[in-house]
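A quick write-up on the structure given underneath.
All chains are identified by letter, namely A, B and C, in their written order; residue positions are counted from 1 within each chain.
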Amino acid sequence: MLCFVRHVILCSVLCFSAAVPAVAQDIGAPIQTLLQTHGEVIKQSSRRTIGPAIDALAASGLDDAKTVLERWQNKEMWFEAETGVFVFAAAAEGGMLRLFDVAGGVEIGVTEKRPYKQLKPNSGIRGLISAALVQFQLNDPDPSERAKALTAIERDADASHLAALRGAIDGETVPELKAKKQRLERLLTIRFSDDDADRITAIQSFAGDLGVDVRAALNPLVATRLDVADTLPENAMPVEVGTEDLSRARAYALLVDKELAAAQTDPATLRDTLIANIDAGTVAGVQVASLDTDDARMAAYAALAAQGLAAPLVTEADVTAALEAFQFFEVFTGAPVSVAQAAQRALSDIETRVALNQTADLALDALSLASIYFLAAIGLAITFGVMGVINMAHGEFIMMGAYTGYVVQLFVPDYTLSILLAIPLAFAVTFSAGVAMERLVIRWLYHRPLETLLATFGVSIALQQLAKNIFGTQARPLTAPGWLDGSLIINDIVSISYIRIAIFVLALLFLALFLFVMKRTRLGLEVRAVTQNPRMAASMGINPDRINMLTFGFGSGIAGIAGVAIGLYAKVTSEMGTDYIVQSFMTVVVGGVGNIWGTLLGATLVGTLQKGIEWMNPSNTLAAQTYMILFIILFIQFRPRGIIALKGRAAEA
Amino acid sequence: MADIALTPPRRPFVARYPSVIIFIGLLALFTIGVTVLSEGFGIGVISTSFVKTLGKTLCLCLVALAMDLVWGYCGILSLGHMAFFGIGGYAIGMWLMYARTEIIVRDSLAAAPLPPTPQEISDGIAGQIFGVVGASEFPPIWAVAHSLPLQLAAVVLVPGLIALVFGWLAFRSRVTGVYLSILTQAMTLALALYLFQNDSGLRGNNGLSGLQNLPGLGHVPQSTLSVIFLWASALALGLGYLLCAWVVSGKFGSVIRAIRDDEARVRFLGYSVEAYKLFIFTFTAILAGIAGALYYPQAGIINPAELAPIASIYLAVWVAIGGRGRLYGAVIGAAFVSLLSTWFTGGQAPDINLGVYTVQWVDWWTILLGLSFVAVTLFAPRGIGGLFDLISDRRSPDRHGADLGPGTGALQEKEAEK
Amino acid sequence: MSTLLEVSGVSVSFDGFRAINNLTFQIGAAEMRAVIGPNGAGKTTFMDIITGKTKPDSGSVLWGEKSVSLLSMSESRIAQEGIGRKFQRPTVFEDQSVADNLMLALKKSRSPFAVLRFRPSSEDHDKVAELADRIGLSAALHRKSGELSHGQKQWLEIGMLLAQDPRLLLVDEPAAGMTPAEREHTTELLVEAAKTRAVVVVEHDMEFVRRLDCKVTVLHEGSVLAEGSLDHVTANEQVIEVYLGR
């Protein structure tokens, strides 16, 4: 009844005092009622008292509550001074206000400003409102909105989110989101909860979790501060001076900082003091010319100090004595001891897991490097391993393949198509180059391996310079198609880029191709016949010249395709061949010449080794390569014929 | 024909090898000629920089000599001798840089009010030398850099030791032929990569510089120094030639050529092939180190790129083009190709205008070199030195297509076993 | 007759193929022995084992009065012990003169430093001349050995073996590709050598073996099938079956 009366009054007021309102306002709407209930508090606009109002809005379950909170936060909520009715309002032309109903947001009309007052929530209130809003977002009917809200909290969490999050877990229907909320709730508990027992429970629940976010939440808890005192206080962890954790210099600097000791007299101060006290060629009675050793200078300084002309000399011995007189320790600063210790335990547990997973990641890395070496070496396994021809221009064939890919991309802008075109084209280009080289150079030098090596060096030098002349010295890009961007992420530590997977798959394909060609085709049969006994093969109607030419072309062509793959992974330069040639030969030799499985093992060994050494000394890939080569030189000592060695007469043929 | 065998066995060494006399004579003539024409001691027709180029060329001839001994005579295609050359250069460069920086630091500290302490001097030198790689302390490798005799010993000992250890490992496990070549190339690559690191203690890819300034000889002009270095290089080359000729002339030369042609057979004669190879490998590495120690003070700068495998490949190219298996061939090849390289890549060679395209030799010389190398390997395995055979009528036996070298030598034996 | 070389129970296999199977063999200090057998009987592998080129899987090879084992020695060490080997195809150093080849083989210190200082004395030259005379190459002493005929190379190699002054000579098919006159000369050389040292000749040619007139060992599938005079072994049925019967 009251409602009705107010409605009528309001109507009449509006009719008289304002310009034509388009629609009447629904004064009886539940949201308006709710606002009216807390009207006084809201109008008062005080950080101290506003809490219940916001909570009531948030807990009302009304559809409009969220909008109200948002607009309120944006200072778009007004109320009529007389009636206390809340409206939304926006500035209209001519200093007028455009009003909207808080229920449903329907436009009411344009009116003068005078009867209305704006709610101006201060920053404290706005903070409370946004915390309340989070709850709306977390409870939004649209799951994607909820996911967005979670992401926002993950990115920039705040103590106020905790309560909202706790409130939003039970109502969650999507299992993934629920799990995510629960996880986030525990993370926020760790960071913001006041209850230590809660925090410890939450910390313990994360034992062994690999998430970066967990470590980000835990690390601040175990932050420590270095301190020094005469005796060790309670709950402090003693630190040894002169260890990796605490150098003497740092420990002493702390003492000096705390004014527990005087700064050590460093050579520069010593020198400057002496210089300042030079008096007619002597310092403290000592001839300047004799001050050319540290001992003499120290003696002179000590003399000065004795005369009171300088600060007392603090020597290394003094430093040692001072360091021994004090206890150095660390105290937790990030959290109470019990929480910090729980965090420390959880972190060490996590670190073990992280190390395990890093090993797995390293293994993947090694595998992908091995595939690259295998790709680079497989052509060589044919020309060198099967035919026994040593081709030092092999690296340049790889380079030619990569440049072919680059040129194709200049003409075909679609990356997927261009790669698909580049692969057969690269094969064709390097196949022809290989055949040409075999015909022009190598066939004259069969059974003269050193000469072959030299002649192919000549070709390699020439090809490299030719590429430099054509393409310049700067690196050229070979862009992978979009679908190869990104990585397969297994967890926060283990991931592998799709391009590496592609190279791995390509390596497997090549292995299959090689096995197929050598074991299942006529060409393979004839190749094996020719390499084992050319005269016998010739007498059976096989043309060894043709077979040699085709085999060499095949090996070179594979190098070309490898070039495209390697170009995707690394940059295309005229010198890229030299980066791979030694490793490729090492791969073939280490694996055992003449055996493709050996090459596979060799590539795995070389790749694993390089990654392993890099892991031990991550700052220095050059050193890794150095040590790897040294290892291989030693390896060949013990297995001169490689991992898979052919024995007996076959090996010597 | 017993009288032939009974000819007096002890003819003077040089009488048996007239080419040694001719070579030493020509070298002396060349040195005197350059001195007379130089700016430092003569009429100034030849510029100081060209005198340096000639002096450097003599050093390259010396390392080519070493290469010929190990490859042409002993059949080991080493792709590591330019690394030994570079190590020699580094060894002497360390002293040059240290001593010169020491003078500079002492001079600058002399102006200070207090006489410098040894520590201040050492810190000053270290700061000057290692500032570029962000270090200020001497790495252990520089422990004896202050001492010229010790660094000179390092010129000989470091390449010698590396060659000894590497050679012992490689020869012991019977790595031969192309495998050995690749292994030596890997060794070279490892060395170069190691030196490229900043924390190698040898200034990473900055290398050592200012080597042309001899400590204590700042007042002597470069024009004079260049000629003195030319003499030193000529002397080293002359002595090196004599030594190599002596080594290859006697039974030792006979053994190593036998090893080159068929090492298994030499083994069954009771010679320890590995010991001989190791001897030659180490000896030539030392020779290369000495050549490098003379080369880099004339070049003025050394960096790890000088040790890259490609440098050793070029060394093989020079020896092959000059004609391997004869000492003068190596010298001719090194001198001819390296001077020609300098001429072409120095931009002095006239460009060839083909109308549509202008051949700029700076770009195309390497291609020409690569292709001519292929051509020499295919069509003129005896190289330029082979031309002398036309005059001296020196013939080598008809091998019916069989080639020199352990790879093929072993092949003969294998065929025999079938 | 004292035993110079004793091979007992030696086996070796390559990738499962048994090239030598429990082989036992003995030879005295001054004895000529012919080893015959069909292709693949293991004759060359047998020589490889004695000269240290192949290491056997089992068995022992004992040498000399002190019965030292040859198995742990390198090829060059075994050669220095006094075992000389001649390969089937003549392998002389073709780039060097006949005199150089003989000088190389002459029994002298083999260490690199000794060789470096070595300068031939007139006795050495005499010795080389004398050897050249024995192998009929006096006239060719200063010719490159690559220019020699096939037979001359074979002799040169035998000459090099004699220059080594070995106590045991292993000779693989010395008469292959020789004219009858050349064979005659080769036989003489070997028989002469066998007066002061042990000589093992591997040969296919029965006529040549008959001329050597010595004890014969027949190898088959890596082990000794029969041993005795030529007439004795050629009468052996098994031998006829595996070798002569073909």
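The definition used in the following text is that a contact is a pair of C-beta atoms (placed from the backbone, for glycine too) under 8 Å apart; a residue touches a chain by one contact, two chains touch by 3 or more.
Please read all numbers here as calculations on a predicted model, not as lab measurements.
Asks: Count the C-beta pairs in contact for every pair of chains, then give the pair with the highest total.
Replies: A-B
Asks: From the Cα centroids, identify the chain that ends up most central relative to all protein Cα atoms.
Replies: The chain sitting closest to the overall C-alpha centre is B.
Asks: Report the inter-centroid distance (CA atoms only) between subunit B and subunit C in whole Å.
Replies: Those two chain centres are 43 Å apart.
Asks: Roughly how many whole angstrom separate the Cα centroids of subunit A and subunit C?
Replies: Spacing between the chain centres: roughly 70 Å.
Asks: Where the CA atoms of subunit A average out and where those of subunit B average out, how many Å apart are those spots?
Replies: 47
Asks: Could you pull out the residues of subunit B that touch at least 2 other chains?
Replies: Counting only residues that touch two or more other chains, subunit B contributes none.
Asks: Quick check: in the complex, which residue numbers of subunit B touch subunit A?
Replies: 75, 77, 113-120, 166, 169-170, 172-175, 177-179, 181-183, 185-187, 189-191, 193-194, 196-197, 199, 309-310, 313, 316-317, 320, 363-364, 366-367, 369-374, 377-378, 381, 403, 405, 407-408, 411, 414
Asks: With touch defined as at the start, can you tell me which subunit B residues reach subunit C in the complex?
Replies: 1-2, 4-6, 9-10, 247, 250-252, 254-255, 257-258, 261-262, 264-265, 267-273, 275-276, 279, 395-399, 404, 409, 412-413, 415-417
Asks: If we count contacts the way the header does, which residues on subunit A are in touch with subunit B in the complex?
Replies: Touch residues, subunit A against subunit B: 267, 271, 274-275, 278, 288-294, 297, 390, 441, 444-445, 447-455, 457-466, 468-469, 578, 582, 585-586, 589, 620, 622-623, 625-626, 629-630, 632-634, 636-638, 640, 652-653.
Asks: Can you list the residues on subunit C that touch subunit B in the complex?
Replies: Interface residues on the subunit C side: 44, 51, 53, 74-77, 79-80, 84-85, 87-89, 91, 93-96, 99-100, 103-105, 110-112, 115-116, 118-122, 124-126, 128-129, 132-133, 138-139, 141-142, 144-147, 160, 164, 172.
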